[in-house]
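By letter and in written order, the chains are A, B, C and D; residue numbering begins at 1 in each of them.
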Amino acid sequence: MLLRLKMGLPQRQLDAVLAEARRFGYECSFLDDGRQLLALDGTPGKPEHRSRFEDLVGVAAVLDPGDARERHERAPGQTDHVVRVGSAVFGGGVASLIAGPCAVEDTERVIEIAKRVRDEGATLLRGGAYKPRTSPYSFQGLGRAGLEMLRAVRAEVGIGVVTEVMDPREVEATCEVADMLQIGARSMACSPLLLEVGKAGKPVLLKRGFGATVREFLLAAEYLLSTGNENIVLCERGVRSFDSGVTRNLLDVGAVAHLKRATHLPVVVDPSHAAGRADLVRPLARAGIVAGADGLIVEVHPRPAESHSDGAQAISVDELRHVASDMAALLEFDGRCFATQDLERASA
Amino acid sequence: MLLRLKMGLPQRQLDAVLAEARRFGYECSFLDDGRQLLALDGTPGKPEHRSRFEDLVGVAAVLDPGDARERHERAPGQTDHVVRVGSAVFGGGVASLIAGPCAVEDTERVIEIAKRVRDEGATLLRGGAYKPRTSPYSFQGLGRAGLEMLRAVRAEVGIGVVTEVMDPREVEATCEVADMLQIGARSMACSPLLLEVGKAGKPVLLKRGFGATVREFLLAAEYLLSTGNENIVLCERGVRSFDSGVTRNLLDVGAVAHLKRATHLPVVVDPSHAAGRADLVRPLARAGIVAGADGLIVEVHPRPAESHSDGAQAISVDELRHVASDMAALLEFDGRCFATQDLERASA
Amino acid sequence: MLLRLKMGLPQRQLDAVLAEARRFGYECSFLDDGRQLLALDGTPGKPEHRSRFEDLVGVAAVLDPGDARERHERAPGQTDHVVRVGSAVFGGGVASLIAGPCAVEDTERVIEIAKRVRDEGATLLRGGAYKPRTSPYSFQGLGRAGLEMLRAVRAEVGIGVVTEVMDPREVEATCEVADMLQIGARSMACSPLLLEVGKAGKPVLLKRGFGATVREFLLAAEYLLSTGNENIVLCERGVRSFDSGVTRNLLDVGAVAHLKRATHLPVVVDPSHAAGRADLVRPLARAGIVAGADGLIVEVHPRPAESHSDGAQAISVDELRHVASDMAALLEFDGRCFATQDLERASA
Amino acid sequence: MLLRLKMGLPQRQLDAVLAEARRFGYECSFLDDGRQLLALDGTPGKPEHRSRFEDLVGVAAVLDPGDARERHERAPGQTDHVVRVGSAVFGGGVASLIAGPCAVEDTERVIEIAKRVRDEGATLLRGGAYKPRTSPYSFQGLGRAGLEMLRAVRAEVGIGVVTEVMDPREVEATCEVADMLQIGARSMACSPLLLEVGKAGKPVLLKRGFGATVREFLLAAEYLLSTGNENIVLCERGVRSFDSGVTRNLLDVGAVAHLKRATHLPVVVDPSHAAGRADLVRPLARAGIVAGADGLIVEVHPRPAESHSDGAQAISVDELRHVASDMAALLEFDGRCFATQDLERASA
């Protein structure tokens, strides 16, 4: 049940509505910043309750859930919500390249990678201090020490940093270093993490779970949006399929095209985790861009074979140059723009 | 077990090898045109049999299955096998557009569509006389009457025709009309049909089953190739996934990119059946082309709402113009070429 | 559009209805034996046509497709349709065991297997003369020679035979030998084969495609039923999933339970193809029976390692004894009955 | 790389090994309680490092990862690890029934349900204070207030309580009330939560993610086991498939049978979330038990239609009686035992 409250409601009347809702056992949450749409539970509500609410002076209308627009929905004619992270711009006809190693392992090496991907057009560095791994015996990332490395790289190279956070208790520490927080595919449905990250206020890169529907993906974004944080970038990174013989996951380009229609939030594509093999990163990156993506996130390793994790899918810096060049040309073909460090300085 | 036979083997020695194989109960088939690779059953073979074959004068080597290259495999450095169907060219840096209605329903209407898709750059008309349908109570196509319509359209419009055949008993009749035979997704694994179509000698458009792995798809092509027919075009048209809320199937662009590496056969993409909705046909078409596809097959209907089947995914002729224009530009970006009626006349 | 015709319609009035339908371009088919439900195309039909039909004297009502019950549907309170094949009985509280080798390879060996599975309680022998295989270089079955072997086994052992037919042109020859025709998982959606097999009049074992939904499975049965053949046994044999590391397919026991509610047709389970490994055949067989299956079809090989195909999933005769014993006990637990040769003789 | 250390290693020698490992940049973790198996990163390790470790006095052998048994693996001949939670016993030939509402909504109602499921044979009450929901606007559970209700129910009814925890920061508070902590399907891959829950020392019910492979499921258990907590019960609750028309998820009975072979940990089945509809809970429960499950977890609601969440799949208490009766009979058929309150008191 949704209550549409009257505009400019006195606090006393609002309190009366909330008190009544709690008395009936409903959980209340506002769906909008103007605090006019009050959601009660997401259920249609009992008939006797609906009629009681209709009697309250503060209530303009009692609606079914879904009658009002969810926050992620693109209203007819609504333009893209543009997310800016340092020099990186996502949406509104501008796309950005995020690149970097899977995990941060060594400060000097990460500085080297960061400089090289920046020189190829990346405006954000990716790199994991906390790595979600299937096995407890696999390399789990360096944790806080990894965050310190990212801080050093950021200062040295002058590039923004996006890094994954898996534990709500680590959000604060991660925020001190990161320009953008990543929610990984395995954590997409962890609502305590979503709420904590949303509240932190930093831009968020939300990856689609490999077993999640597009609707579930959008509702995970809705958890973030419900905290008032609007700077959410969605990331399609491939889903599970019955055929894992060719690519590790199946890149859902139809979802990318659909998301550009269904939501005003920007969408990027991760061709590295979709492919799971370096030689298919470039064609998947191209496919993502022409399907409408507002950016790419790519794993790069100067010497892929030496990576501690996910080496098979990391591309070399030379290959990144091809990916960035394709991206720039395909964006230009669509009258879109590739965000670069120069662009940002020029406009500053 | 595979036998590699000696070059220039006298018939008598070949007969001896075959007789021995049959005496042991093996099914024999040649894997190559030069008749040097003789496959026995696809099994490793019994040790006592292997040693017996090694003793035969005609046998150069006894190998495990898989040691020799399958016919669809692209050898290192091997160029594309180019398939030509009238003005249409698939492979070798040339791509073609196939377009038309789902089913042929009415001669005049199909003539109208054929002229219009030809004018937008299509060099082959698609259109079903036999329609595979989930329900026996759905429109199954007009059958032989539909074939006659296609014959009339072909004569009137001067465009090649590709049409599906589902029944081995209809291959001969379909060949009289069609320039290219289509094996549909539901028939991909029907070996009697594959063999009958292969033997008919016409170019074949082989669609991937929506539940088939890429390996199974390639081996279905191998059935066709095993008949000596080399003019096979593979078609990726989306696979089943756990999320059917956004697109009807999930277009496997990674498979397109992989196939361009793994086989010398050309690959086209069917964005219409993947999307299942008209508004996503264009982005999926674009994604397919930049992933490396040698062409597109698109459902078009002048008045989509009037279609007897699959109306939701048919695009209008205006939208086809955008798809063709994107296709031409993206091919040019890659230094590839869009096959047109003019091109063919010029090169004739 | 569906027309419900008046009872006892004179031929002249029926002809008038059919003529009108064809004039509008609809394909007609009767949904019921009493020829009262006439389906036109499966589409809702144009409004102008609906009103025209409503004016015809022979037409009782113009309905939407789906308004009338499909043939496979279980009406409220309707009992099982019982399918009998020799001593085997499927449905109505009786279940049967089908067992045998994957492919028939050698008459004496098949006779040996047939005697042994009969002694363990099987009332039908399975065994393929035509084997659908992924690769053209794999053993494809012995074809007509395999059928002759089955004929010999049938005569010698006195057990009914179920064997797969893949090619509509082989239905007649297969009928001469088989007591029951099998439609394999890869052919489930091949309507020409379904119609040809349906018309042959023999009982049919219809396997679910590994990528087919339950609805598609039921509509494949509907193709068979639409020929007037009612002796259809459905077979759940596992579907594709994202995890192929444990079992080859995922046995859909929920589908078995659902099918027992949704249709009056009997349902059997194939634990061998679901498991893809011998050690899990028995637990999957048990799960299928307690979920409501009316029988099992199991691959057996006296010396599994020597099988030409699918050896890994064939169980030994000793293991079949355990499967049959479990099956009998679990059926008894439900007050159901295990069909045996003795049972049939007793009731004869 | 794995190091097998010598038995009874002096601390000084152990420190030397660890120091060397860290100098090379490896993350170290012990795989066993005896601290003889030291895992370095899960990678094979560089050759130069392997030879260096082989030179260290404390090192008995340098192994590849995987050479030593993981903790969840069932060694040849190893018996079940038996997990006891109050009267409930899982494994070793004893199975238990967990039942209760989806969410705890009202103390008196939960007490009523708890008494009734206890009377039908349940030895643990399930009920969520924290509910993972797809939408932020759906009922999320009562949180701490829900935990207080569970505490009251536990005291009043004398039945153990299993409840889900989603947030590592709530583990401690949840432990004060719960006899067993549940990790839900959406949190299965959240390693910070797994580690926090593992360390809390309470028995854990670990649900398989609906998009997780069996291998990933076992490695999630391995995270728990790596904390030294051995009382882990695995729960199969259905996985995503391409067909969501019949059941909400596809119950993987093959996985149940496989898990009973692959691990010594007990396995239970959740037929409610697999089915997603009340009428299929009983057949899926039966299938799970005969496939080898050591228990069931079932959603029950005295008046299912009034439930705040997941009402469609909750069964009535009458239906629970049938499920429990089937479960007892099928366990007896296998010579296994149904844990009851009485049984426990008798053996106490």
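Keep this in mind: contacts are C-beta pairs under 8 Å (C-beta built on N, C-alpha and C of every residue); 3 or more make two chains touch, one makes a residue touch a chain.
Computed from a predicted model, the values in this text were never measured in an experiment.
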Greatest separation from subunit B - chain, by CA centre:
D
Can you work out the whole-Å distance between the CA centroids of subunit A and subunit B?
39
From the C-alpha centre of subunit A to that of subunit D, how far is it in Å?
30
Centre-of-Cα separation between subunit D and subunit B, whole angstrom:
48
Scan subunit A for residues touching two or more other chains and write them down.
211-212, 215, 240-242
Among line, ring, star, complete and other, which one matches the pattern of chain touches?
complete
Hey, which residues of subunit D end up touching subunit A in the complex?
25, 27, 29, 31, 39, 41-43, 65, 70, 105-106, 132-140, 166-170, 186-187, 189-193, 209-212, 215-216, 219, 222-223, 226, 240, 242, 308
Complex contacts: residues of subunit C adjacent to subunit A
211, 240-242, 244
In their complex, what parts of subunit B are in touch with subunit A?
211-215, 238-243, 245-247, 250-258, 261, 274-275, 279-280, 283-284, 286-292, 326, 329-330, 333
